[in-house]
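A, B and C are the chain letters, set down in written order, and residue numbers restart from 1 in every chain.
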Amino acid sequence: MNAFSVTFRRDLAMMWSGGGALTPIGFFLGATLLVPLAMGPERSLLESAGPPLVWIAAALAVLATLERLFQADLEDGSLDQMLLSRAPLEWLVLAKACALWCAVGLPLALAAAPAAIALQAPVDRVAAIVLSLALGTAAFIGIGLVGAAITAGVKRGGVLIALIVLPFFAPPIIFGAAVASGEDVGAALAVLTGCALGAMALGPIAAAAALRLQAE
Amino acid sequence: MLSYLSNPLRFMRFSAWAAPLFAALAALLFAIGLPWALVYSPADYQMGETARIMYVHVPAAWWGMGAYAFMGVASFVSLVWRHALADVAARAAAPVGATFAAVCLITGSFWGAPTWGTWWEWDGRLTSMLVLFIIYLGYIALWSAIEDEEKAARMAAILCLVGLINLPIIKFSVDWWSTLHQPASIMRAEGSSIDPSMMGPLFTMAGAYLALFAALTLYGMRTAIFRRRVEAAELRAGA
Amino acid sequence: MSGARPFQDNPALRVDGLAVARGGRVLFSGLSFAAGAGDYVELRGANGSGKTSLIRALAGFLPPRAGTIVFERIEEPALALHYVGHSNGLKSNASVASHARYWAGLFGGVGDAEGALVRVGLSGARDRLARTLSQGQARRLALSRLVIAPRPIWLLDEPAAALDAQGRETLGALVAAHRADGGIVVAAVHEPLGPEPSLALKVGA
């Protein structure tokens, strides 16, 4: 097996075995539960506010997974071994990002279906919400890689990562929430796909550059 | 010029007279620009006297972004040539840029109150500036969170460049978003062309802000270099 | 390992005028040495003298302040070396066998992962999770990387730390076999590792 697939499998296995992948999903569902409690269960209000709030909750859930993403590798010496791999570090970081998307991003998008229905989103829009979130979590993860890599040496850096990464979530949030709310769907979906692909392509490059400097 | 100044000793000699010179230039330009802009310039026929906030607001927006571009160049130099002075420059410019962005946001809010009848309008430009302000805060927080100063410099430089690449994307997104959600009439207030009689005071104020930026950044760099020298001396004394 | 001297190209390591700094402080400068096939270089020096930084500089993690590090007659620089440092590079929730499989994929080795576990004496612990291993066993697992994927240059930082007498013997056998294969071993140690070094270097001012 090559370096990409062993890294992917190992990260995926570790996220599932520790039950770590369930935490962001639980966080996501818990956060969406609070919405009607705060706004009141009025149907018309939830209908318009529901899809955007699902997006906010998903963004925060992804954020919660970033802190330990590279920090653990830096602390236990795994990063040094990744640097000695036959494959370039960028490639291994991409493998980790794909594993994170499979363990957290995709389940979040799927969990958004019941959450959106509970928030009174029109049933015919649920597919668009799931699709937009599948792309959106990929964009969040690609951007989040950079924040996770540059703060890997900071203890208890969770809030710092949030501060650094959140402004860069603006483009996917804007276009993703537009898709989820059914506004100008065609154009928004195209740009959202661009965000996801761009973040997944460029995020690993910037993150790997930061990780090389972290290993010094 | 840049390579000449990259020697810290030469930089200290240069900044010893350049920093006060820029400070004096800033004071002079503000002394000319402020009365010119706020008292002697013609009032806007649409917005009346409140349009004078523009002379404080618009240059703050320009140099709030300009400071970030400066930091981007410094970060690039720092990453490619590993030059300590570039790190110091980027770090010193950040609080100045953040302050300009904050001034832009606050005066924008003051301007919005009489113009739009609200203290905060989710206008495209103001929203982009708010995102930039938060990026500044993250950058400054990153510097203080990483103890090893060399490492902090590298990480901050990467963050700054990532931000520089992302800013146009964020700007585009926010503009798209604001046309989706805003009635077009709100855009008109800032979209109107500038009368030639406003150019004089506006550019004087822009010059004043630039001189202020240069002076504050140079003073900030000098402080950082002095602090490093003290730390190095303490390290030698302790060893 | 089959056949005599798998690293038959006579790999060599040449260090010239090396200076390494950490946190703005120069740890050492003007360090030069060379090592060829079958050599064992032992690095000694007090705590904080820069042994670890030297090893990390040789590994390519830490860019030197001055000087050059050259690997000669090594086909693929990406496959030139192994590094065993203070941190073993283990994941607490992964089993011994899964570590071996992961490394085999990561390093692109042609060596066999199972045989490597036998050689470091961990074949009986293959299904145990890394967090249940003792310090010495964790170090043995880290050392198994050296044989999972054959690479000509080994950089070892205190390799004997936490090892019992039997573990040291295993390590000594690994080093001897690697030298016989025509590999190079560079180790930073507190106490002599056992084998007679071809070169003993004192690091630090």
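One rule holds in what follows: a residue touches a chain if its C-beta (ideal position, glycine included) is under 8 Å from a C-beta of that chain, and two chains touch if they have at least 3 such contacts.
Model, not experiment: these values are computed from the prediction.
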item: Those chains which touch chain C and also touch chain A; value: B
item: Selected pair, greater C-beta contact count between A-B and B-C; value: A-B
item: Identifier of the chain whose CA centre is least distant from the whole-structure CA centre; value: A
item: Taking each chain's C-alpha mean as its centre, the one farthest from chain A; value: C
item: Length of the line joining the C-alpha centres of chain A and chain C, rounded to whole Å; value: 37
item: Centre-of-Cα separation between chain C and chain B, whole angstrom; value: 49
item: Centroid spacing, where centroids are CA-atom means, of chain A and chain B in whole angstrom; value: 31
item: Touching two or more other chains - residues of chain B; value: 148
item: Per-residue multi-chain contacts in chain C, two or more chains; value: none
item: Per-residue overlap in chain A, given as positions that touch at least 2 other chains; value: 216
item: Residues of chain A that touch chain C when the two form their complex; value: 1-3, 5-7, 10, 13-14, 17-18, 72, 75-78, 80-87, 215-216
item: Residues of chain C defined as touching chain B within the complex; value: 23-25
item: In the complex with chain A, residue positions of chain C that touch it; value: 56, 59-63, 76, 78-79, 81-83, 85-91, 93-94, 98, 101-108, 145
item: Complex contact set, residues of chain B against chain A; value: 131-132, 134-135, 137-139, 141-142, 145-146, 148, 151, 154-156, 158-159, 161-163, 165-166, 169-170, 172-174, 176-177, 180
item: Chain C partner contacts - residues on chain B that touch it in the complex; value: 148-150, 232, 235
